[in-house]
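If you scroll down you'll find the structure; I have some questions about it.
We just call them A, B, C, D, E and F in the order they show up, numbering each chain from 1.
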Amino acid sequence: MQATKKASESYTIMTEMVLPNDTNTLNNLKGGVMLHWIDVCGAISAQKHCNKVVVTASVDNVSFQEPIKLGNIVTLESKVTRAFNSSMEVHIEVFAEDIPNQTKKKTHEAFYTYVAIEANGKPVKGITELIAESELERNYFKTALQRRQLRLVLAGRMKPKEATELMKIFGE
Amino acid sequence: MQATKKASESYTIMTEMVLPNDTNTLNNLKGGVMLHWIDVCGAISAQKHCNKVVVTASVDNVSFQEPIKLGNIVTLESKVTRAFNSSMEVHIEVFAEDIPNQTKKKTHEAFYTYVAIEANGKPVKGITELIAESELERNYFKTALQRRQLRLVLAGRMKPKEATELMKIFGE
Amino acid sequence: MQATKKASESYTIMTEMVLPNDTNTLNNLKGGVMLHWIDVCGAISAQKHCNKVVVTASVDNVSFQEPIKLGNIVTLESKVTRAFNSSMEVHIEVFAEDIPNQTKKKTHEAFYTYVAIEANGKPVKGITELIAESELERNYFKTALQRRQLRLVLAGRMKPKEATELMKIFGE
Amino acid sequence: MQATKKASESYTIMTEMVLPNDTNTLNNLKGGVMLHWIDVCGAISAQKHCNKVVVTASVDNVSFQEPIKLGNIVTLESKVTRAFNSSMEVHIEVFAEDIPNQTKKKTHEAFYTYVAIEANGKPVKGITELIAESELERNYFKTALQRRQLRLVLAGRMKPKEATELMKIFGE
Amino acid sequence: MQATKKASESYTIMTEMVLPNDTNTLNNLKGGVMLHWIDVCGAISAQKHCNKVVVTASVDNVSFQEPIKLGNIVTLESKVTRAFNSSMEVHIEVFAEDIPNQTKKKTHEAFYTYVAIEANGKPVKGITELIAESELERNYFKTALQRRQLRLVLAGRMKPKEATELMKIFGE
Amino acid sequence: MQATKKASESYTIMTEMVLPNDTNTLNNLKGGVMLHWIDVCGAISAQKHCNKVVVTASVDNVSFQEPIKLGNIVTLESKVTRAFNSSMEVHIEVFAEDIPNQTKKKTHEAFYTYVAIEANGKPVKGITELIAESELERNYFKTALQRRQLRLVLAGRMKPKEATELMKIFGE
């Protein structure tokens, strides 16, 4: 395994067309289908960073604000933000495009985490370190610690009062 | 629309069998497929509460701890926890069962929110109020406010310092 | 294998949403999709009773009387009615619900049989006996013999004149 | 609508390859998938006879005796056996072939009925009469009445004692 | 392996119904779905000729001239035209039928080639020779050499000036 | 409609993961699935160039040389090569990647053509002209005429002796 890898080396683009079975009775893309696509795109980025099979470990809060219509082209772009010992956080952005009407908008942003798995089924120890280069990458790298604490608190594996990064934000 | 409805009236059970296309190369259920199933089950509960078409508004943090194998039977159970003006929060629990080996375990728990939509495509105003009866239902009803503030903060629509419910938890 | 098990222990609920690909050109659920869903629900009940892998052995006459529309929620409920040496009969009821319009109706009722299979691929000998408790369960348990004879006659494995249970019904 | 049409004019051949998602954990075709394929093939034969949209009205008893393996080629052949006022009975035969091993066997035989539907959604009155030519076709044409009575009895729409065709078979 | 086999022994008929997910936003069958169906039908013909597993080696130019509508019945018919040492060329014809409107038209014609594969994953050497009987079969058998040269030239594995069969057509 | 557009503006990347249902019995991607994915990717490029709905008009010869395995990540990249009056030719390249084994190879190259369609269902007249910039783009632009003549000859809409561009290649 390489000692370090750049965030940009995990960059992945995925494109999907919204088909009838992907829509609800309003002819808009169902939320669950979107969550699935984000998961696949993020997993490919995570694989590219660690060169291992990966499994989804968590999805952070995702909100759905604008409907995506039948026939729209959905583009997903993802990059690893930070590697921990066995897991990686991935940032995914989603854009929906109605090409004949020439409209394109950013519809979602999400953070998913993945665990890298060895051939024997055990989690990898010591994933390649991630090098954040651009200002945006460095910002995601830094704030990854806050999101990690929030995940641990929400999963009941860290006490709120020990979440030092979160206390800085929510505490007085 | 009825003035009030019990949480138990929205109770929904969904059963899925893990098929080959649902699995990753380790023969375990892919995270994205699970997120999709949870979304469908939760949407049915939300529809039962408000008797309207609903669309997914957000998914809260979900963590994946134990793999679910090919051929397992997955059971999802959901109930609305609280109704707001136009939206509802739904709690979904997921169980995976290997029937020949007689093992059954709870694998996930999630909170999704849905917005109720009128026939004209606008959000419903004034969804039926939810009556929480059991102790567990009353607890989810009460903590729904905290989760709601967390969603607003994470979506950038509330400042952390205004999230009074969260400050009680993370603040000193 | 347990010596006996209650009918209610095999109770299974499955929920499906009617998607575009499930419908015919009239926007109604196709009969074949319904037969498939019933098969899956019944198989899970059969598995629960015998704790073995099961394969479908037969489907009895199923009639389709009312159309089920795109977007409807279909709920299937199944329970084993009687266990024979290697096979089980399962009773499945199907309900279709148009939640926004608040209509729910029972649309189908079916009997499927399943054979329990050992790990070596051979049929199990001596499946756990089924205990019918409610009046309805006892009735299905009793009439299972008639349906079994009808299946054997229709499959050409019993002569009509030996079908003593059927002769009681159709004979003079 | 033509006054008469030959059975052979509704002859339909359908071919399917057994894919991973079509199989159970024993790598054999699931019963429900087979019931679905039979339904589609029969519906095409029924459409060919009446030149109308058709919906499935019933499936008769189908038994599953030999497993069909992943990768097998499944061939379905169907023909209308008899036309009634608004409905048609279709006979479907199914063959499974393992081409590299040069084995081919008949695995199923089924009778499905379909109702022809007008553009206004109402059942057609007075479907084209069917002309049975071969000895086999004439036999299916004749025994169609027995199967029709059995369906009515099983659906609770005819009393066993009025099922004169069945009494000839099961009565003393 | 048999020394020779007739073209007609590889004859295959496949039937598909155009479902919502198979269509573009104009409600017509997508080209890619058609290319997929042709591939499956041709592969079955190739398997029938050589009694081996086959893999697609090439698809020749296919043009799409008339739209095929949602709900249409698509029938594919295929036959091997010529066997080479390890590969076979298959001719596939496609018909689309709107049964309620009683229209049927030929929509496509294609030539695909397949390589026969041994159990060890290597190409078969010396496939059964094909006997062309009808005039049409003999014509396809003869022109197979031209199409083969065109494929080799287009794949960059033969120089245009060595394509003697093509020079007869395009040369002066 | 814009008067001109650069080739690079139609650049599209699509990513797919090879799932069980996409494979043949050798666990390799089926040719027909690949032809389908290429079609979708190319259609998106064509849409981007003309900002209209497009339908597939033809696929040129595609050859399959190396198997793509279950679990591989397939990346497709496409760009319009030349616009004609109502149609566009698109060049698509396909790469298959086994990320854990760190192998990536180019597996296919294809030319598909698409017709742009107005809202009234008629072909667009006078598609935006394409500007080829890089040397490769200019080369594809120039040779598009040869491929177009070959398509016309193969579809029987041009006589070989009128195919002046092809005669230069194959003629003496």
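Keep in mind that, in the parts below, a residue touches a chain if its C-beta (ideal position, glycine included) is under 8 Å from a C-beta of that chain, and two chains touch if they have at least 3 such contacts.
No experiment lies behind these values; they were computed from the predicted model shown.
Any chain that touches chain B and also touches chain D is listed here: C, F. With angles rounded to a multiple of 5, the C-alpha fit of chain C against chain E returns 120 degrees of rotation. The distance from the centre of chain A to the centre of chain D, with each centre set as the mean of the Cα atoms, comes to 49 Å.
For the pair chain A and chain E, the distance between C-alpha centroids works out to 43 Å. Residue positions 20-21, 25, 40, 53 of chain A each touch two or more of the other chains. Contacts between chains, counted with the stated touch criterion, involve the pairs A-B, A-C, A-E, A-F, B-C, B-D, B-F, C-D, C-E, D-E, D-F, E-F. Put simply, chain F touches chain A in their complex at residues 12-15, 17, 40-41, 44, 47-48, 51-53, 73, 99-100, 102.
Only residues 20-21, 23, 25 of chain B touch chain F when the two sit together in their complex. On the side of chain E, the complex with chain C involves touching residues 19-21, 70-71.
Against chain E, in their complex, chain F makes its touches with residues 24-26, 28, 30-33, 35-40, 43, 53, 55-64, 67, 112, 117, 121, 150-151, 154-155, 160-161, 163, 166-167, 169-172.
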